[in-house]
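Below you'll find a set of structures to go through.
Shared between the two complexes below is subunit A, which pairs with subunit B and subunit C, respectively.
So, the complex of A and B:
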């Protein structure tokens, strides 16, 4: 217990130090290419998508329930947390001494993120209980429908600005690295620890063979709904941070494209591999940003921005992965110290073999 | 107080018979389109047990070809529209979509013939997005309308354009033709055999790869006809995202009617079209028009997973 507390404090400390370092690097322009734009595009957004990919991996990869509605949970978290800060919390800040202002803001931000995550989790529970009885393709269509319904709902709710977008959200996240990193680390830590527990085995059992798992006494519906709720919660928290960093959110930010992009990340990384989701999530998002650096193309008399090709790239990555490497880059494996150690050992062994004459007879 | 008045107004409007009749006609018209797309889903699902997500994009391609044809004045469609030129244009859209359907099957689905279903599903989503974004790159995102207008007929309180009428009749003809093809021809018999049991059909000497390509081609042709007719006769604005929602809803219709069952798909499409039109015509519920299909899907799958006309299927362990 004390060790866990230590680790948590350590993580918060590291995030805080890195935040301070990055902030002075960006503000002070230490490096030429690191400015506000590249910081947002190559650091912040990838971190957000890593959180989304790892949380979806819990549903799609680890528990094997193919969900296409992640953008819906992301939207619920963003809108409801923003609704909380805009309509309920600004009054609390009035009459508080200047020196306490930032601490109260941080507290309220944590509260808003919890509300966003909680609302998304509740939504996950409500959607999960009926839909998770469905299997495979049907579940995909039903969750896709849920995501679209959520977007249509926010497009029509005047309370949340309807199609004009929800603006005027206090930008309490500020520079952002600290909060984004904290959420990402906690999401990864929860998934990793869960996988190493008995519950983790139950999740895997549901993925591998639902009927056999049921026969072994694993309450499959319970675990499916649990994975769905937990994944939804982290997506909602990510949405909450997005809302409080950007200051305004629009229904278009939560289109189905987002769900497909996150699914592509999970699939490319290897369904069930947390490190795979991290690598693919960060990599694909950075690749997408790098695409903007390409020159403008003229085709059929129309001027095409390089960013027009981004969804095409995602679609191609998705199809080619499925045809040539359906298990993804990492498969079910994780990239960790053990992998590095094995790799190093192999290198040492092979170089040793070349130097010294082989003494033992070949096996077999 | 205001709320109550509004509710009364809403109910009053629902009771209004002429509005009801008008919405019914509109619903049957959009239902006919859903039916045309849904038969493609249901045939492919019956044989391969996969949802061909890209089917909605084939429908979009049909509409795009129709728009392209009128804007380039193929067969004199735009300058001098006649029955023959419009029919030729629709034919063009159908042929293009047939080629597209065959291409999709060959390049994306055939390499995965023996892969797990989830992998095929993910590929299908990828193909759908690929086609959407290809259309976005080729034609741009601005909505395009086919500049043909149709005379409106007034039948009592119900108004119906000549285009809509032609669309209804043509869909009926296509459906009847499909039914004949499936029930009366050699190819139709092969198709039914493959959907019954692929391995047994293969053992009986049925070239199932050819049957599968043929099924994709047939479904894509009908979806292309549906897309072209929607663009030409209804004048719906065509965008790269034009096909996605109708595609998903057509799938819902196929499930509603019992997936794998062709008359069921037609029935499901018409039902969904009518229900949607009734909800869409209601002043307070109209924003939830798109939600209806998904609620219907979840309800059907939970209460009667085999659909209205489907045979009960047994889960193999």
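So, the complex of A and C:
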């Protein structure tokens, strides 16, 4: 356990230092192009989507259960954690000394994030048990329906501001890098831990062949529900951070588009590859934000905003991936030191071969 | 008299109007190597699917080590100690040979999923142990050199061996082999026969074998059961089966 504690403290420390550095860079305008807007668009939002993509990868990629309802879990986490903060926790802050305020806020934020994640996990469990009897397309349709139901529900609940959006959420996340990075790192660490252990192989076995997995003693239903619960939990926690960073959330933030974008990230990265999900998650989100920076185009007498075509771009990316690289950028592989070392070895070997005199006679 | 390891009692399996297996009864004792033969569609694989819990018999009961296993989920039956291979190979194609066998060994795991998510010391130790156990079976089946190859990249005969290794890694008391020699060339079949008798001799493995290749069955099994249209028409030593008129009529054909 000592090792885990060390890593956790190290991660917290690094996130803290980077947070402070970035904050002074943005506030102090160290570089021209790094301002509040670009920081949010190219650092914060991509980190949130990496979390979403890596957590969906656990369900879609590693366990092979095609889910289109990730935005639903994201929404549940955002709304319920915000509900907790707005309706239950503000009272606790009164009467607390000024110097303790920020510490209590941080504690409450962690609690709210846990509540958001926990509520989403519970939802994952509730959705998972009945729907995981479905396979392939049917599961995709059922989870899509779930995501929409959640959104419509929040659109109609006065308690959560209905269509006007849920506003007035305390912005305890503040600058944001620290919390966003911490969630992202813990999501990646948990998935990586899982894949390194034989337990992870059980998840992969479910994806590869359910009947064979069952015949090898793997309780497939248990692992499917576990994947759904875990993936949903991280999506919910991501939603909680979003709510407490933006201060207001709207039902449109959790449209079906979000689910589809996250699925695109998983497919593009390579189903089952964590590094793939990270690279594709960050890359696609940055691409989307970059489209917003493009100037308005005048075509056939109309003003066209390039970012209005983002769904078109995503669809195109998805189709091109399917045609040219159906296994995704990384396939099932992970990018890490091992891959890097192998690559170096191959380069050395191939250059060695070229230099070595040919000893064997040519074939044929 | 000792209790049988597997006791199939008057089992019937109907699919709609079709009766695949009718009133089948037989017993297997620990350490036996028994062959199950019969023409195509006789219900041999159905018998396997009932024993391993993929099908629930319409009637009758199946006892394993003295307890009824009818109605248990397939994974629970594997945990109790029955492992199988499939007629049409069902390896985890995208994973390596070692990972395939490691999943077999995983059935005897002790750590929880939560420990795995935090990667505690117990998980790290167990991973090494499971990997070592998987490597052990790969060495026994002479597959060690392919440990890190993708399962689907192996030739057919080797894939069958990986399936056997994966089943053995679950440490079964009873191993069910569904046509292990199907699609193998004579040389590979020879090796397989050698392997199966070795599993019996070295590890005392109880094996129930479905096979079409008569040479395999007659060569290594001490007891053979013949299924025809879902009914047991004969059982006994290979010699007795070879000369049984009912078997000759149904399956073997007239001696030339």
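Throughout what follows, the second predicted complex is superposed on the first by the 348 of 364 C-alpha atoms of A that agree within 3 Å, B and C clash if a C-alpha of one lies under 4 Å from a C-alpha of the other, contacts with A are read in each partner's own complex, and residues count from 1 in each chain.
Here, a contact is a pair of C-beta atoms (placed from the backbone, for glycine too) under 8 Å apart; a residue touches a chain by one contact, two chains touch by 3 or more.
Please read all numbers here as calculations on a predicted model, not as lab measurements.
Between subunit B and subunit C, whom does A:220 touch in the aligned arrangement: first, second, both, or neither?
second
For A:211, decide between first (touching subunit B), second (touching subunit C), both and neither.
In the superposition, A:211 contacts both subunit B and subunit C.
Considering only the touch criterion stated at the top, classify A:308 as touching first (subunit B), second (subunit C), both, or neither.
Only subunit B is touched by A:308; subunit C is not.
With both complexes overlaid on chain A, does A:350 touch subunit B (first), subunit C (second), both or neither?
After superposition on chain A, A:350 lies in contact with neither partner.
Using the touch definition from the top, say if A:141 reaches subunit B (first), subunit C (second), both or neither.
first
Which one hits more subunit A residues, subunit B or subunit C?
Result: the larger residue contact count on subunit A belongs to B.
In the overlay, answer first, second, both or neither for which of subunit B and subunit C A:190 touches.
It touches subunit C, and subunit B stays clear.
Which residues of subunit A are in contact with subunit B in one complex and with subunit C in the other?
Of subunit A, residues 211 contact subunit B in one complex and subunit C in the other.
What residues on subunit A touch subunit C, complex-wise?
Subunit A reaches subunit C through residues 1, 3-4, 190, 193-194, 196-202, 204-205, 207-209, 211-220, 226, 230, 332.
For subunit B, which residues count as touching subunit A in their complex?
50-51, 108, 111-112, 115-123, 125-127, 129-130, 132-134, 136-138, 140, 244-245, 248, 251-252, 255, 287-288, 290-291, 293-294, 297-298, 301-302, 317
List the residues on subunit C that touch subunit A in their complex, please.
52, 54, 73-76, 78-79, 83-84, 86, 90-95, 99, 102-107, 109, 111, 113, 116-121, 123, 126-127, 130-131, 166-167, 170
Which part of subunit A faces subunit B closely enough to touch in the complex?
66, 68, 130-131, 133-134, 136-138, 140-142, 144-146, 148-149, 152, 156, 211, 256, 260, 263-264, 267, 299-300, 302, 304, 308-309, 311-312, 314-316, 318-319, 322-323, 326
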